[in-house]
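Across the two complexes that follow, chain A remains constant while its partner is chain B and subsequently chain C.
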Partner chain A sequence: MVIPLVTSLAMSEWNPALDFVISISVSTLVGCFLMTVGRKTRRGEVQVDWKYGYIIAALSWIMLMFLCSIPYLLSGHTGSLLDGCFDVMSGFTTTGLVLTQDLDHISTGLNMWRHMLTFVGGQGMVVLALSFLGKHIGGAYKMYCGEGKDVKLLPNVKNTAQSIWKISMIYLLVGTLALWICGMSIGLSPLPAFFHGLFMFESAWSTGGFAPNTQNIMYYHSFSFEIITIILFVLGSLNFGLHYAIWQGKKKEMVKNIEVQSFFITSFLISAFAVLKLSQTGVYTNAVSSFRRVVYNVLSAHTTTGFGNVYARQFANEWGDFGILLMVIAMLIGGSACSTAGGFKGLRVGIVFKGIVADIKKILSPERNIRVEKYHHIKDYVLDDPTVKASALIIVCYMVLFAITTLLGTFYGYPLADSAFEAASVSGNVGLSIGVTAASMPAVLKIQYILAMYLGRLEFISVFALFGFVIGGVKKLCVKH
Partner chain B sequence: MRKRKSEVLGLLTEVLSAVLYCGVFFALTLLAVR
Partner chain C sequence: MCKALKAMIIAALLSALFMISAGAEEVTDINSLINETEAFNNQSVTVEGEAIGEVLERGEYAWVNISDGTNAIGVWMKAEDAESIGCFGDYKHIGDTIRITGVFSNNCTEHGGDVDIHCASMSIVKTGYSVKNTVSQTKTVYAAALLCLACAMALIYFRSVKKRKDSSNN
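After this line comes the complex of A and B, so read on.
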């Protein structure tokens, strides 16, 4: 919160600065209280096992959601605490759906806060804590895994977390510079162009989808701005392990990696079908408009970014059921594991697909043949049944979450296609909207969307561990009484 | 020094691959619309 505070002071925004001072004070007080309670763990006197690692990761996200919504609430741009929590969870989970009112007139400080949330959320809050806290933290790796990141770039989890930040910070410099120059070339003054460049970079890299204005990427009316953001969000949706491997000189990973192959094939197929259908129906008739309106949105959905360059209702009115279904599929598949992206991830799609092919080959080959199937992800792995099962289970969990969220949308009277689109958007942490998400929507639906974003981002296991822990505690209490 | 050079080359590889990827998608769109 110090960075938005400094931004507010530099821009002479005194009221937002005061909001951040209050928020910092409250957060520090809560932090001091928790540090006193957990002093034994901090000193390494208590061993953190897997269960508690997951629970800490899941609980820290809930705690941070409430603390980080204070500046929103004090700004007066959100209708209620629930709306503030929705926006914070949307930022942390890199979803990008917004309930904040009058986005075009919010302070630069609050905009900095919104985009920082999505940038930090993309890397992971536990990763942030591990990178910048000096001391060794007990159970650090378990908490890191609890955040849905399970790739160890280096043997030490703290060095892994620092590597993730290093990659992101280098891209922050390169990407902001590119968007800043592009912003000035399309007519923005240097200072606003810098802030727009920084904010849009943070959103694109973290596959977030927030923008400092209501019209999102359409505000810029610029093909070059769209091209730069596509490059950034495609790169942002790649696995941090893959970035690290390529930066270490393993350039062939860009072609051999199962996630890259899976992402390329699925995005290629979905884009091709969408372009064909929408050009046939005469919605977009030339190549440039098809690329800007169709491929851009498909890739934005597939990488779970959520930058939209058509209005929400255009999906419903122009894209038709086929277009909406393609977008739902793209949003559910999502980007890469251990990246800033959401969805059930290309790695799992690739593993399950290879698992199915391996099973078919097994049936067709002579019984005495023993086949060992492998897949390549940084290094070669044997494709065994537990790996396929684990991937399939997560995909099933996503589908159940998607079905329940769609069902709730239809319960409140939204059309099936609209409910499914929005449910895929929240479950896959995308952020594209077809018009369901609004400050006026039912509170229960807002809570369900917060839960879906949270579950989708943490990939279920941590949240299930938390639920199990709470239910176990309640059971014990009941037995006692 | 060698590590720094490898990282810069890695960064360039990634950015160029993404540019190429966008190019392929634009070509695909052009073909589909024609």
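After this line comes the complex of A and C, so read on.
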């Protein structure tokens, strides 16, 4: 919160500066209390079991959601605490759906805060804490895994977390510079161009989808700006392990990696079908508009970014059921594991697909033949049944979440296609909207969307561990009394 | 007879007034345009909204984004027209309210499928102004009190940590 505070002071925005002083103070008080309570764990005197690692990760997100919504509430741009929490969770989970009102008149400080949330959320809050906290933190690796990240770039988890931040910071410098220059060339003044460049980088790299204006990416009316953001969000949706491998000189990884193959195949197919359908129906008839309005949105959905350069209602009114269904599929698949992206991930789709192919081959080949299937993800792995089962299980969890969220949308009277689109957007942490998400929508639906974003980002296990822990505690209490 | 003549003249004047108001361009809200893109496509429309952000100049023309509270849209206009807008809406300003009459496109071929309005005429309906964001005294007091409390707590915590470290080293 220090960075938005400094931004507010530099821009002479005194009210937002006070909002951040209050938020920092409350967060410090809560932090001191928690550090006192958990001092033994911090010193490594208490062994942190796997379940506690998951629970800490899940609880820290809830705690941070409330603390980080204070500046939103004090700004007066959100209607309620629930709306503030919705936007914070949307930022943390890199979803990008917005309930904040009157975006065109919010302060630079609050805009900085919104985009920092999404940038930090993309790398992971636990990753941030592990990068900058003391030398030894009990159960560090377990908390890191609890946040849905399991790639170890380096043997030490703290060094891995720092490497993730180094990769992101280098891209931050290059990406912001590119967008800043592009912003000035399309007519923005130097200072606003810098802020727009920084905010849009943070949003694109973390596959977030927030933008400083109501019109999102449409505010700029610029093809070049869109091209730069495409490059950034595709890079952001790739596995940190892949970035690290390429930096280590393993360039062939770009071609061999199962996630990259899966991403390019699915995004090509979905884009091709969407372009074909929308040109057939006469919505986008020339190549440039097809690329800018169709391919851009498909890639934005597939990388779970959520930058939209068509209006929400255009999806409903112009894209038709086929177009909406394609977008739902793209949003649910999502980006790569251990990246800033959401969805059930290209790695799992690739593994399950290869598993099905392997099973078919097994049935068709003579019984005496023993086939060993492999897949390549940074290194070669044997494709065994537990791996396929684990991937399929997470995909099933996502589908159940998607179905429940869609069902709730239809319960409140939204059309099936609209409910499914929005449910896929929240479950996959995308951020594209068909018009369901609004400050006026039912509170229960807002809570369900918050839950869906949270479950989708932490990939279920941590949150299930937290639920189990709470239910177990309640049961114990009931037995006692 | 004179009374009847007077009544006829008044009636004629009133009907003329109604005719004038019927002839005025009807303002459409931006959300209606977005919700019914096909119906309004390539039609002349009139919208009214606050100029937001800043002018994005592109040679002789420029983009001005306007928001009427229901939604926002880009307007493609001559750069000289855009220059006449004195104030744009942001945190510190309420922008000029401008009335635009122009052709609405739901898939503008000139601008890569953009949903936009190509401006034919523009007028400033209401001039914008700077917003005075007065700092609330209550907020200042709360901020100062909480900051002092937080600093004190942090100091106590870090001192106790240091003490424990020193004692364990000895």
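By definition in this document, the second predicted complex is superposed on the first by the 481 of 481 C-alpha atoms of A that agree within 3 Å, B and C clash if a C-alpha of one lies under 4 Å from a C-alpha of the other, contacts with A are read in each partner's own complex, and residues count from 1 in each chain.
The rule we apply is simple: a residue touches a chain if its C-beta (ideal position, glycine included) is under 8 Å from a C-beta of that chain, and two chains touch if they have at least 3 such contacts.
It should be emphasised that the depicted structure is a prediction, and the values quoted were computed from it without experimental measurement.
Peer 1: Looking at the overlay, what does A:Ile230 touch: chain B (first), chain C (second), both, or neither?
Peer 2: first
Peer 1: Once the structures are superposed on A, label A:Ala272 by its partner contacts, choosing first (chain B), second (chain C), both or neither.
Peer 2: First partner only.
Peer 1: Should A:Thr28 be classified as contacting the first partner (chain B), the second (chain C), both, or neither?
Peer 2: Second partner only.
Peer 1: Which partner does A:His105 contact after superposing on A: first (chain B), second (chain C), both, neither?
Peer 2: Second partner only, chain C.
Peer 1: For A:His243, decide between first (touching chain B), second (touching chain C), both and neither.
Peer 2: Only chain B; A:His243 stays clear of chain C.
Peer 1: Considering only touches as defined above, state whether A:Asn286 meets chain B (first), chain C (second), both or neither.
Peer 2: So A:Asn286 meets both chain B and chain C here.
Peer 1: Could you look at A:Gln123 and tell me whether it touches chain B, chain C, both or neither (first, second, both, neither)?
Peer 2: Neither: A:Gln123 stays clear of chain B and chain C.
Peer 1: Based on the superposed arrangement, let me know which partner A:Thr94 touches: chain B (first), chain C (second), both, or neither?
Peer 2: After superposing on A, A:Thr94 lies clear of both chain B and chain C.
Peer 1: By residue count, is chain A touched more by chain B or by chain C?
Peer 2: Of chain B and chain C, the partner in contact with more residues of chain A is C.
Peer 1: Residues on chain A in contact with chain B in one complex and with chain C in the other?
Peer 2: Common to the two interfaces on chain A: residues 284-286, 290-291.
Peer 1: Which residues of chain A touch chain C once you look at their complex with the stated criterion?
Peer 2: Going through chain A, the ones touching chain C are 13-15, 18-19, 21-22, 24-26, 28-29, 32, 35-36, 74, 104-108, 186-189, 192, 213-215, 218-223, 283-286, 288-293, 310-311, 313-314, 317-318.
Peer 1: Across the complex, what residues on chain C touch chain A?
Peer 2: 34-35, 37-38, 52-58, 62-63, 65, 67, 71-74, 89-92, 94, 106-107, 109, 111-116, 133, 135-136, 139-140, 142-143, 146-147, 149-151, 153-154, 156-157
Peer 1: Taking the touch rule as given, give the residues of chain B at its contact with chain A in the complex, in rising order.
Peer 2: 6-7, 9-11, 13-15, 17-19, 21-22, 25-26, 28-30, 32-34
Peer 1: Please output the residues of chain A touching chain B within their complex, sorted ascending.
Peer 2: Residues of chain A touching chain B: 170, 174, 227, 230-231, 234-235, 238, 243, 246-249, 251, 254, 264, 267-268, 271-272, 275-276, 279, 284-287, 290-291, 294-295, 299.
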